[in-house]
Each structure stands twice: as structure tokens, then as C-alpha cells.
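Since the structure comes first, as C-alpha cells, the remarks are kept for the end.
Going by the order they are written in, the chains are A, B, C and D; count residues from 1 in each one.
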Amino acid sequence: MSGIARTSATGGEGMLPELLAWSTSLHHDRAFVREDLLGSAAHVTMLARTRLVEVADAQRLREALLSMYADAEAGTLALPDGEEDVHMAVEAELGRRLGAVAGRLHTARSRNDQVALDLRLHVRGQVADALQRTTALVTMLSTRANDERETLIPAYTHRQRAQPTSVGFRLCAWASQLLRGAECLAFGLARADRLPLGSGACSGSSLPIDRNLTSFLLAFSQPTLNALDTVGDRDFALDFAWGATRVMVALSRLSTDVIDYATSEFGYVKLDGRIAAGSSMMPQKKNPDVFELVRGQSARAIGNVMSLLTLVKGLPNGYNRDLQEDRAALLSTGPLLRGALDAVTLALPHVTFDGVKSAAALADGSTQATDLAEALVRKGVPFREAYKAVGALVRRAIDDGIALSQLDPAVASALHPALDAEALRALDPAAAMRAKESIGGTGPRAVAEQIEALRAGAEALAVIASNTPTLANLAARIAAEPLEPA
Amino acid sequence: MSGIARTSATGGEGMLPELLAWSTSLHHDRAFVREDLLGSAAHVTMLARTRLVEVADAQRLREALLSMYADAEAGTLALPDGEEDVHMAVEAELGRRLGAVAGRLHTARSRNDQVALDLRLHVRGQVADALQRTTALVTMLSTRANDERETLIPAYTHRQRAQPTSVGFRLCAWASQLLRGAECLAFGLARADRLPLGSGACSGSSLPIDRNLTSFLLAFSQPTLNALDTVGDRDFALDFAWGATRVMVALSRLSTDVIDYATSEFGYVKLDGRIAAGSSMMPQKKNPDVFELVRGQSARAIGNVMSLLTLVKGLPNGYNRDLQEDRAALLSTGPLLRGALDAVTLALPHVTFDGVKSAAALADGSTQATDLAEALVRKGVPFREAYKAVGALVRRAIDDGIALSQLDPAVASALHPALDAEALRALDPAAAMRAKESIGGTGPRAVAEQIEALRAGAEALAVIASNTPTLANLAARIAAEPLEPA
Amino acid sequence: MSGIARTSATGGEGMLPELLAWSTSLHHDRAFVREDLLGSAAHVTMLARTRLVEVADAQRLREALLSMYADAEAGTLALPDGEEDVHMAVEAELGRRLGAVAGRLHTARSRNDQVALDLRLHVRGQVADALQRTTALVTMLSTRANDERETLIPAYTHRQRAQPTSVGFRLCAWASQLLRGAECLAFGLARADRLPLGSGACSGSSLPIDRNLTSFLLAFSQPTLNALDTVGDRDFALDFAWGATRVMVALSRLSTDVIDYATSEFGYVKLDGRIAAGSSMMPQKKNPDVFELVRGQSARAIGNVMSLLTLVKGLPNGYNRDLQEDRAALLSTGPLLRGALDAVTLALPHVTFDGVKSAAALADGSTQATDLAEALVRKGVPFREAYKAVGALVRRAIDDGIALSQLDPAVASALHPALDAEALRALDPAAAMRAKESIGGTGPRAVAEQIEALRAGAEALAVIASNTPTLANLAARIAAEPLEPA
Amino acid sequence: MSGIARTSATGGEGMLPELLAWSTSLHHDRAFVREDLLGSAAHVTMLARTRLVEVADAQRLREALLSMYADAEAGTLALPDGEEDVHMAVEAELGRRLGAVAGRLHTARSRNDQVALDLRLHVRGQVADALQRTTALVTMLSTRANDERETLIPAYTHRQRAQPTSVGFRLCAWASQLLRGAECLAFGLARADRLPLGSGACSGSSLPIDRNLTSFLLAFSQPTLNALDTVGDRDFALDFAWGATRVMVALSRLSTDVIDYATSEFGYVKLDGRIAAGSSMMPQKKNPDVFELVRGQSARAIGNVMSLLTLVKGLPNGYNRDLQEDRAALLSTGPLLRGALDAVTLALPHVTFDGVKSAAALADGSTQATDLAEALVRKGVPFREAYKAVGALVRRAIDDGIALSQLDPAVASALHPALDAEALRALDPAAAMRAKESIGGTGPRAVAEQIEALRAGAEALAVIASNTPTLANLAARIAAEPLEPA
């Protein structure tokens, strides 16, 4: 049966059924059947307008295609099995509905430019959706950051406690990396924005097609530049996979932090039972499964990038069937990213910071030694002298076996007169945190500015996402377009 | 509903249903439900023998598990949806069939060692199967090589015609790389050969379990060494993915050669319509889709390796939920490899070498210049002198604008007396090809030895593959094992 | 000695010398010593202006740093060995020149933000340089395309001859992919454009530093958003590696085409001896080494991307020493890309298209069957009917065993009246090629538009590249900046 | 100058000097000049024995080559710059020493099989060395494990405290994964064990060469199977990179554990100042730089694997110059692995376990709930009942807000009579740890067996490593071989 399908498409003798079954991409391509239908509806509109198909035929074709699109949206579209790909399956169904006129759709089109169109429309939709979700997460983190501007937590370098910061500052760090990931997505969105249709098999057409019209109908900014390049081009898939990977890597780093904070040893966050369950024997144990899974999934995103890069490296230009193997990586990327973003977005409200625990980690004062030195500098002590004095103080505390914060002020001022009570206040982690108001610092004003910038950045990208035409937009635009040639 | 499932497993309050649905691995895990059932059947046998479960209970459990296994083999096993993973789904079904006794299965086991078992059994089966197919392909190529020992074809370096060889020799080159791939698979098979069950959650058990017995029942050579290592170990998955990738890369190189040979420009092979179809407009065009797809699929295999490596890199020891994300890469590897091996195995008989066309590429003699020089050396001319003489001859032919093979013998012997008619016979590509009888060379005797070695190598590995226990073997072994403690 | 270096930096007891030698990044970091010096010169200028260092000290420091920068430019700067990294080596040399005042430089800075600065400055320079070269290559290809607008060559799909096109069109295809690569570089350039300095170890500073001033002095558009994010961020390295990989992949595909065209079998291009040499025995053989090496180097670029992605995946936020292992991938990327771009740019003028040979591949007319059908459509024959008529003609030619172009016109017009002499002119490859004037098509007007668009695109990016500040620009800007506080 | 070098090698007109400089691999190839010299010495010995070179000439050549080898060992060998590769550089130097006779070496050899030989010899040496070091580290960890069999530490799942184990058990887990890595190296060693020399350019030789003799002289077990395959084969490089990556990934996981344990929060290990230094302001802070760097370096190893896989994927068989780009990945792998192994081996003795701190993490008894249930089972309580009783006890402790270990025994026995004082002893972490004596468990006897197995495994592989012939072995063997033909 598959053999028949193939034969009807290509006129050749039948391929071995096992090979046809193995080589079909239909199971993958169902993911973009709606895109395929709208692409055809736009194409036939253009064909009518350029007198390449008669208006009456175009009318029937467009109506049938839009009706199949509506069915697909409703989940009721049945496509015949056993076709080589989604294009053939759509055509077969169209033939079933309309008869021979279905064949008119072929005019000035090949499966090479058709699949390039479907994939770009798919990518455009996936990227816009992911961009929306990523920016929403950035905004959520920003809001949360505002709530936690005074909650103390150590910042770490080399996984060692380094300096007193606020949880709000830390949330802004996560949001900053995510925002960069969102910017990569937005770049990917721009890269998908060219109409491939009209490239034909590889060199365009001698018929008077109007690619600008098709481009308008499908809401692309312009047609692609060169037909030969277009049919062999999967750069837009690479750009999508790259942006997705960047967001996933940002999520993986956030996840590592949450997993660490949720250990008994750190104890900086509590996970509630809506996102984490213990065992019957250890109900108090809350496993950070959500964050572990997200971190693990970032490895899949990386594998997808690698798969796509290796696929196209060294490939001859023009269409090669190798390109069909973009499907597994390309089509899994959207759901993978969406799943991870949603999981983190759902889970984070169930992650509570335990400010008492994290503040306690700063109590001995050792993480504030630099702050103390800077306090002396602010009082006018030369830099070197300030650091020397604090260095001596630190060693004295170690020698005495007590915490820096517990040293007798008299001992301190004996070491250097500027080490007075006011200066020693810098050992208070909250004071130290608040003092760092340099741009990008952990001080509350600096963090407020970061929150503002993050929100503005997220908002700007969210606008781009929400301005991206949806399939429903396209369907409406196509349906409204006159068919009669001017 | 998912929430209930989770709760019953863990006693905790319910996880958000969206997160449960997102985090479940059940859709993936169905791929190894049979392995899970046999693992449980072996486990309960061991529990009975070590008096940890009563014989009567064990009897009922084992029978139910083996019956579910038979259902799974028959494709009739229905597992409840909405469970967190295949282990919970199996237990739920077992509970449905047997009631509370189903819970006994938990004794001295955790999902951490259970999934490690299932995956290893899956890998063992997949590797053995792939090894069988790879060795069969090596053997097929060897047989084909024997038929083509006298068919001339240029060997290429830098994609330039380099030396006269036989098609048989070229087929042996493909087979050699595939055989190395098969050796990687065999290494992977050996690496999967250790029983993880009995590792518990991460540190073994204080109960008197008998891992050697379970190991015997599941036909592993021995239990794993260290429980903590075992539950966090996916090295066997890496070894599998690596072996698979190596075979896929070998197939990708073979594919590039076939694709090139099938061009109009090379024309060294013809693809028949059973494996390649043209278009209605260009029926004479035969596209090498099968080989393009295989080459493209090798990129997916590489992506899978990368995904798995990145997954485990830097992961804390012990079980981390990240590991669940091994599924997509691990479970797709077997079918990917099997599909590509079958496609190439099916397609190659429909690829015919056109010896006339490939011999013609050697006709002008230029590729035999080195052979001519070696012919002089064989006649006793010192190496340098021989090469100088042939170099002069080559330049003379170029100056005269004729092919080396068409130079007047008198001109040749004037350049060097040893360049007589007998020596010039080395310009005949067939003679030149036949003369290279060094080990590994393209001469017919040398190729015959290669064929012999390839067959022997393939046979040795095929034996390993066919000696690998199947699930049916395990089921029989487990069913036959007494339950009564000694 | 290394131990001493370390001790003087950190006050701790000495690290094992073997570990110090192993862990130093000095050999790598020499690549960005100039960036480090200018970063310090900008920093000390800011410190003076914010009264954190006295003007006189700042004056001496800045002069010494700019003098060392001049030495480094001249290749005469000697740095002491045995230091942990370039920052310590620079400070040691500065100490040698100026004495204790060298230590002032430490104020409000850490090695974490310093290395982030150096790497960004390095990346900015590398990207701008690569962007310049990539756009120049696009322009060169465009010019060449203009010369070859009438040279015929088959376009390929599935590596089979598909349609008649011009070499100019093919060159535009290469240029289009390269231009997309260049756009990725430009994106990377924008991503590097934020000043990390002032982030301190991880949380900013309590001193009244002025990051906007430093940002201005180093010609960044603004400071980074969040200090904790900044010190652990290597996204700019990922963006750079990604853009570079994209250009390399574009070059790899161009290379495959050239390598194929340069075979005896295709013969569409000749490589002259300035870029390819044969052997003494086969002087007529010209190996396409340049293009093979470039294709091979694209694999290194891909490996670099993978290495960087895996490096940061799952890493805790903040600075971790893991990040030092960005060096091999990051620092090799610039030279790799520059080398490949220069090699292709140098080599292409020595690659000559043999239009006679490539036109001959289109002579039998079979690749023009679609063009003939479109010609009928243009004459008013309905699409289906046109294709049916040409299909019949093709089969007839096959049955008669002659080329489509050699069929008797009478036979043709007997099959369909529209298949007259005028229509059959579409079988002429030049006519067929010229007729495809759809946007992006191979017709001369369409190609002329492509050339125009490519040039404009390249020009726009070249402007961005040439507007990127050089190190010399920065040095001048810093030297000109007053030191006195307002 | 480079042009001259090239010309003298190939007789062609000169390549552009910039391209020659860019395309040379000489800077990389210096890494295997000794291998190249010994390969030539073996080759000329064979040539003499097969009468292809006169004994007197062979004598001079072999002596000169072995003398150059001795110079290279001593670090005094100067090779001329400006040659295309190391083979040409060696020949040029040989020519300088001996005159025209140097050219005899060319007989029955090409640079294609020569570089394949050099790389295999390099890989063999690197792998043997790495195997030695890896097994030594396994042995060191085993010894350490023996010392720490009674030191308590929690095992983790999901990064949550899970069960009481010994540090010795944890060390065995690290060692187990490393041992698997070592097994991959050993597999790689076996894969490099075939002589490529004698394959010529791609199809062997018509001269009566004796590959078995060369194989013996260079201590390979046999010649490669097929010449065409051999010159395009880099599978041995892949096997090496793979084994190295596996060891690096094992080290990365060990490193993550050490980094976590070294945090203030875990505090399970102390790093002394010989391997970690704090800052002058925070001398008590010890950064785990060594382990961070090793973890980071594992990403480079992964990038190398990816680079090599992508390099060969889809490459036409036979030699393609692309293969030269194996160098960066191949040659950096040995030093990378050796450096990381040495660093960890040096550092671990300076990592001290703080058993008091890690035992304290088990003190509240919650991690021993499962052990308590198993204790009841051992007393004869049915499994379900035991778990139910302990579950109730756990909930009671939680309700009472006290640790499980602090519950009044009377309360316990009221819940279930078997929960008596003896049973409750299972809450003692040491008792719980000691009780897990299943194979692979954390009990001291089980760990002793693991140590034994690890030592035996390491020893077996160390023997393989130390039996691998060194270059010095080869030099002696070659020098001792008679030159006269039989």
C-alpha cells in the first residue's frame, strides 16, 4: 500500500515496502500538518491571483484546505496512513474530498520548498511560545526578587561562602541568564522570518509566481534570497535549537542551585509536597525531582544541537534527504523546552526561602572581611593599609579561635584606630549587603534597578512574542484575501 | 488520578498533577516492561529461596509476573495509565490481579536498582540484536566482495582518482570498518553483563539476599561491585550508544561512497527502482534516499552520545533523577541502529556495480604511474631511478597531450631501457590491480585473505550475539527454578 | 617559585608546585594580555576620578600600564613566568616597574570580574575581525557571481542532476549561507557588549565606583546587569563559538561542493597549482587540500561549541574554577575561523569554473523536462495537461533510447500540439536557466537582485565590524581621559 | 621557503606561502617525531630484508634514524621549519645527514600509511601511560577505602541524605567507575594494536614487502586488514578519545562529590593548603580549585570526542585531508587526561575526611528508618508489617518534633512489640552501616571484598599497561634485527 502511495507520487516502480515504511517521515510530520495546510491555502491563493490556477478551482481548493485546517485544530482531521510524508498525505485527503483538482496545488511548488515552509512555520510558533513563557518566568523571578531584597544568603565562589548578598540579588542573577536565553530565542525568531515557498525544487520557477504575496499571506517579512540555498538550509532549525539550549542551560544552572539549597546541609529552601515527595519511610525527605529532571533535560537539548550541527556539516548544497533527519531533534525541542519552563514556573512558588538558615551562614563575620576593609577605605584609610589591618584582625580571630564577629572591639581598635565600632558594623551581614550599591551590586537600590531592567527586558521580548502571528491569524488573513487577479 | 498513584507509592501528599504528568517516564518505560517483569520474577524467586518471602506467596507472584510477561510478549498486556513509572504501573496491575501480596515484591529492592536492571536487560537485548545484524552485513559484503574481485574501480585519495583497485577490495574496506563497529558493540555487550539488582536504594541490604542467585536467573556473569556506584551508573548506556554510533558512522561513510558512485558523474553503481525512485518528469533519475537517510541518522546517533555524556558529566554519585533523562537517547538508539542496518542490508542487493564505467576511469593510465615505477623496481631498477624514469614518461605524455597508456612504446624505451613492453603492461589497470598482493592490498589473493578474515571475525562476533540470552531464555530459566529454600 | 607567586597573591601557604604548574592558565592568557592592560588602565582612571586612588598614583599606574600595552603591541613585553595567571603576571611586572603602588590596582576589583572583562574584550575583537573577513568573502562571492551569471551548471538534489542553473546562482547560494553565519557573528558581537568590571568577586562593591565611566572608557554600551550572574557567565563565549561554528559549517558545505566539482568525474572546476599540488608521479592530479582542511576544521569548531556547552551545563551560579577551562575552546576559535576564512578567500580566485564541462552535463535535456512543462503552462496549457504531455515525451525518449533534446520535433508535436519548436526551446539549458526569474530564482535578473541584496547585507555588517572599537581606540580614549575628580 | 619544501616533495609548482603555512601540521606533528623515526627505522629494516634496499644503504639509514631518535629522546633533535609535515621534515634532516640515500626510504610507503602509523604508536603510548595512572589511582582509592571502612557518611540520592554508609564504601564507588574507565582505555589499547604501514597510498604494494616483519619490529600483533580502509581510518583515535573521556567523566563525578563535601555546609572533608589556598582576607576559606578544574576539563574531553566523531561522519573512504584535523583533539587528549589523573592523585592525600562531621549528619536516625524495618524483618516480622510499624514510628517522631533516634523506647514498643531495644539499635548509624553485608553493600566485609576486586581489576589492567612496548623497547628491537635477507 505504501508502495502504491509512493508510485502515485513519483511515477516510478514501487520501493520495497520495508524501506518505504522505514523512510517515511509521516509520524513526525503530523506535528506540522496545520502549517502544511495553511501553506497550501496561501499558495493556491497566490496561484489564482497570478492566473496560474483558475479562480473557481482555487476557491474549492482553498475552502477545502481551510476546512481541513479547522478539522486539524479541532483534532478531527484523519490523514491516510502509508504515505511517504505529510505533503502526500494531505494531497491524498484533498483528492478524496475534491477529486482531480487537488493536483493543481502542485503548480510551481515542490516538496523541497514545502517542507522548508512547514518547518519554518513550526519553528516560528514554537519560538514565540517559548519566548512568551521564558519572559513570564523572568518576570516572575523579578517579582519574587522584589519580595526577597532583604533576605540574606551567602553568595558563593568555588562553592565556598564568599559574600553576604540578598536572595533578591540571587534571583536577579537567575533571571539575567534566562533573559539572555530569551534574547537568543528572539534572534531565532527573526531568523525564521523568511518565506521559503517559491524556491521550487532548487532553482525557482519560470512561471509568474508572486512570492511577495505568499510572503504577506503567511506573515513573513520577505521571501528567502536564493532558491538553491533555501531548499538545503536548516539554519533556522539550528538557531531555534540553539536558543532553546541556551534557555535550558540557564534552567540547569538555576536547578543546580535549588538542588543544593534544598539539601539538609544548606537548608536555604524548603520544597513543599506539591512539587516533591518523600518516601513512606522518610516523609520529611523532599526530593527536588523537578529540578533534577530539568537539569537532565538540558543534556537532551545539547544533544539536539549537536545532532543538527553534525547533520548539516559538510553536506552538499541543495536538498539532500539527510535533511529529513532534522525531525527528531527539531520537533522534540519545542515540547522539551516548554515542558521544562512550565515545570520550573509551576514549581518555584512551592520553593520557600528560609532566610534564617541562610543568614546564619553569614553570622561568623568571615564573609564580611572584605566589606570591613572597604568600610575603612570609605573612612579614608588607604586601600593597602585597610586590607592589612583587616588581615591582621582576621588572623587574630583565627588565633583566638573565635568568630570575626565576636572579637572584642577593643582588640580591633588596638590593631588599627579606624577599626572602631562604626567600622565593625560592616561585619553585620545585612549592613554589608546593603552597602553594595554599585551598579549590578547586591544593595537594595541596585537590586531594584536590576528588577526594573529585567522587567523591561522581559516586557520588550514578550511584545515580540505576542506580535508573532499565530496560525489562526494566518488562516484569517488567507481566507480574507481576494482570489481574482487584478 | 496521577496524584493518587504517586501518593500510594510514597505516602506523601500529592504532587501537582501537571508536574506528575510531565515527570512520568511511563511512556518511555513501556519499552522495557518485559524486562521489568522478568526482573521481578527473578527477584521473587530469590526472596523465596532466602526465606524473605513465603514460598506460597512467591509462587503466586512469580506465576502472575510470568503470565503478565506472556501477555506482554503477546501484545495484550494492559498497564494502567497515570502511574509515575513502569515499576509502579506493574505493581498496580499486580495488585489488581493478586491483592495485597503484590507488595511483598518490594522487599530488599528499590526503584533505583530496578530501573538499572531493566535498562541493562534492554541494552543487552538491543546490543545482541544489533551485533547479529552488523555481522550479517559484514558477511554479506564479504560474499559480494568475492564476486567483485576482478571488477576494476579507482581508489580515491582527496576525492581524486588515485590507484586501480577492485570493487571487492573496496567492499572489504567497508566491511572492515563495520567489523570494528561490531567489536565496539561486543565490548558494550560485555559491559552490560553485571546484575545491578540487590543494590537497593544505594547501599545494599541488611537482609540475607542472594545476588548470585538473581544473577544466575537473569544470566548475568556476576553482580555489580558497589551499590552506590551502581544506582548512579549509566556507563553501560554510554557503551551501547558508543558502539551504535560507531556502526552508524561506518554506515555513513559507506553511504557517502554509494551516493557519490550513484551520481551521473561517477556512474559506478546503478540503483534499481526497488530502493530508489525518480520523478514522473525524470524517471531515469534515481535518488539514493536510503543512503542519504542513513547518513543523516548517524547524526542522531552522535547527538545521543553527546546527550548521555553531558547528562552524567559532573553528576553527584548515587541516584539523581537527572538520570531518567537517559531514556530518549537510550531507547531510541536500538531502533535507530536496527533500522539503518536493515535498510542498508535490504538496499545493497539492489545496488549494482557498473564495472565498465569504473574501469574506464582508469583507462588513461595516469593512475598506474606508481605501478609502472614499482614494475621497474621489480625488474631490478633502483627505486630512485625507476621513479625518475616514470616521472619523465609522465611529463612526456602531458607535453604530447596524450594519455600515458597511449604513448608509443618506442618513446618509452628511449627514455629508459627498462621501460619495455613488459614493463608497460603495468599501465593496464587490471594488471596493476592484480599485482598488489601485499597483505591488505587490492590483489585478488590479498582480497581473498581479507574476505576470509572478515568472515571469521564476523562469525566469532555472531556467536557471541547468538549466545546472548534472550528474554524467552530468562523466562524459562526463572520458571524452572525451585522456590523452596535449601 | 610558582609557590612564591601564589603565596604573594593570596597569603596562604604554598600549593604543591606540580599543581600550581598544572593549574596555571598563563600560557593561554598571554593571548589577552593587551586586553588585561587596557582594562587595568581604564580601571585606575575610574579609581582616580572617584577618589579611590590618588591622582598622582593613578597617573603613574596608567602610564606604566599603557607603556606595557605599547610593549605588548610591539611584541617586546616580557612577563614573568611562574605566575598563576596573566593578572598576577601583569601585577608582578607592574610591581617591578613601580614598586608598592602597583597594589592600588586591586581596589574594588577581583580576578573574577577582571578575567570576564579580558575575555569579552578578546571576543569583541575576534568577532569584529571575523565579521570583517566573512563579509569580505560574501562580497567576493557576489562579484564572482556577477561574472558567472551566464555560466551553466546543473543544480543537484540528492546529489543527482536536477535543474539547469548558472554558476552565479550557485555562488549566491554559498554567499547566502555565509551571510547568515555573519549575522550570527553580529549577534555575538552585540552580546559581548557589556562591561563586567565592577562586579567584584560576586556582589559588587560598597565603594563609590563608577561603572558607567569604565564602560565608556572601554567602549561598552553599558555595564552588566547583575554581579553574581556576571562572574559566572560565559554566554558571550557561547555566542562567539556559535557564530564561528555557523560560519565554519557554511564553509564546510562550500568546501564539499568544491571538492566534488574538482573531481575528474564532475570536472566543473580546475584548481591551479598555487592552491593544490599533485605528486611527481601524477602532476595532473590536483588535490583540493585547502577545502578538505576547512571542512575538517569545521569539526573542531563544533567540538568547541560542545565543550563550552558541557562546561557550563548544571554549573552552580557564581564563579567556579571550572570556567577556566573555557580557554582552549574560546581562544582557539578566533584563529581557527580566521585561518579558514583566509584560506578560502585566498584559494577561491585560483578555482576556475569550466563552463563547457558543466554545461555538457545539461545537454541531454532531461534536466529541463520541468522547464518544458512550465513553458507549456506559460502558453496557456493547463498545468496537469502540460505535465502529462511532457511525461509522455520523456517516456518516448527513453523508449527510443535517445536524449530528450534529440527527439524529432515532429514526434513531439504529435504528442501534443503545444510541443512546438518554440516550446522545445525550453530544453535548451541556457534558455531554461534564463527563464526562472522568480524571486530567488536562477534567472539573470533574479541573480542580479540576489547579488545586490548580498552586497547590501555584507556591507551593513561590515560597517558594524569596522565600527567596533579596536584596542588602539581604547588606548587612545583612556589616555585622553582626565584623572582629576570633578 | 615553505614553497620550496613543498615543491621538493611533490614536483609541482609552489603553493601560496600563506596556504602552506596555514596547512602545515608540523607544529602538531612534533609530538610524534620519535614515533615517526622508529617507524622509518623499522621500515628500512624490512626493505633491506626483502632486498628492496641494499643492506649498506639500509645500514646507514637505520643508524641515522636511530641516532635522530636518540637525539629526540635527549631533546636535542632540531628539525627544519617550513616543511609541510613531520615526515618531510624528518626526510629533509636525513637528507642533510646522509645525502641522496635518504630518498630510499620512500620505497613502498606513502605519507598516508606513515601518519597512520605515527598516530597509532602515539595512541598506544598515551593509552598505556594513562592506563597505568588510572589503575594506580584505583589502587590508591582502594587502600584509602580500607582505612575508612568504619568512617560514617551519609549516602545521597537526589542529593538528599539517604542511608548510612562508610567512607570506604563511597571510595569504592569512585574507584568502581574509574575502573570501568580503565577498561575502556584497555579496549582502546587493543584497538590500536595493528600495523598500518605497508598500506601505501591506499591499495598496498606490488613490491614484495613483508608487513609481518614490520609488525613484529614495531610490536604490533598483526598488520591491518585492508589498505583502503586503513588510510582513512581514525577509529583508533575515537577509541582513545572515548576511553579518555570516560575516565575524565569518572573524575568529574568524583570532583563534584569532593567539591560538595568541602563546602562549609557539608564539611565532610578538609582540603589542606598544599592543594587549596584561601585569600589573604579569608585564609580559612579553602577553594577546591583542583577538583573544579578537573571537572571543567572533562568538558574538553567531551568536546574532543565530538570533534572527532563529526570529523569522520560521512567522510568518503580513503584518505582525505580532513583527517589532518584529528590532531588538535587527538594530541591534546593524552596530556589532558594525564594532567587530570596526576592532579587528583596528588590532591587526594591532602583531602581529609572529617568523620565526626559526616557521622553527625546521620545522628537523628531518620536515614536509618529502612534499616530499622529490615531489622524487624530479620527478627521474623513480615515485610509489610515491619514497614508499617516503622512508618508509624517515623510519623510519631515527626508529630512529637523530635529525632527518631530520641524517641522513648517505650513509645516504640507500644507501637509494635518487636520495636524493642535490640531492634532500635538499628537506628545507630554504625550498626546500620555494618549490617549491610549483601554483595556490593556498605558493610565492612562487603567493602573488603570490593577492595579486593578493585585491586585485582586494577592489577590486571596495570599488567596490560606495563606489558605495552615502549618506544625504547622498539628502538632496541629494531636495532637488534639483522638487515641481511635470509
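The definition used in the following text is that a residue touches a chain if its C-beta (ideal position, glycine included) is under 8 Å from a C-beta of that chain, and two chains touch if they have at least 3 such contacts.
Since the structure is predicted, the reported quantities are computational estimates derived from the model, not experimental observations.
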> What is the set of chains touching both chain A and chain D?
Replying inline: B, C
>> Going by the touch criterion at the top, tell me which pair is linked by more C-beta contacts: A-C or A-B.
In response: A-C
> How big is the gap, in whole Å, between where the Cα atoms of chain A centre and where those of chain C centre?
Replying inline: 24
> Whole-Å distance, chain A centre to chain B centre, using C-alpha means?
Replying inline: 34
> Hey, what residues on chain A touch two or more of the other chains?
Replying inline: 11, 157-159, 162, 260, 280, 283, 287-289, 292, 295, 298-299, 302, 305-306, 309-310, 313-315, 320-321, 370, 387, 391
> Okay, in this complex, where on chain A does chain D touch?
Replying inline: 157-162, 259-260, 262-267, 280-289, 292, 306, 309-310, 313-315, 361, 366-367, 369-370, 373, 387, 390-391, 394-395, 398
> Across the complex, what residues on chain B touch chain A?
Replying inline: 6-7, 10-16, 18-19, 22-23, 273-280, 283, 287-290, 292-293, 295-300, 302-308, 310-311, 320-326, 328-329, 332, 339, 342-343, 346-347, 350
> Which of the residues in chain D end up touching chain B in this complex?
Replying inline: 11, 52-53, 100, 103-104, 106-108, 112, 155-159, 162-165, 169-170, 172-174, 176-177, 179-180, 183-184, 187, 191, 198-209, 211-212, 223-233, 235, 238-239, 242, 245-246, 249, 252-257, 260, 295, 298-299, 302, 305-306, 309-310, 312-321, 370-371, 374-375, 377-378, 383-384, 387, 391, 426, 432-433, 435-443, 446, 450, 453-454
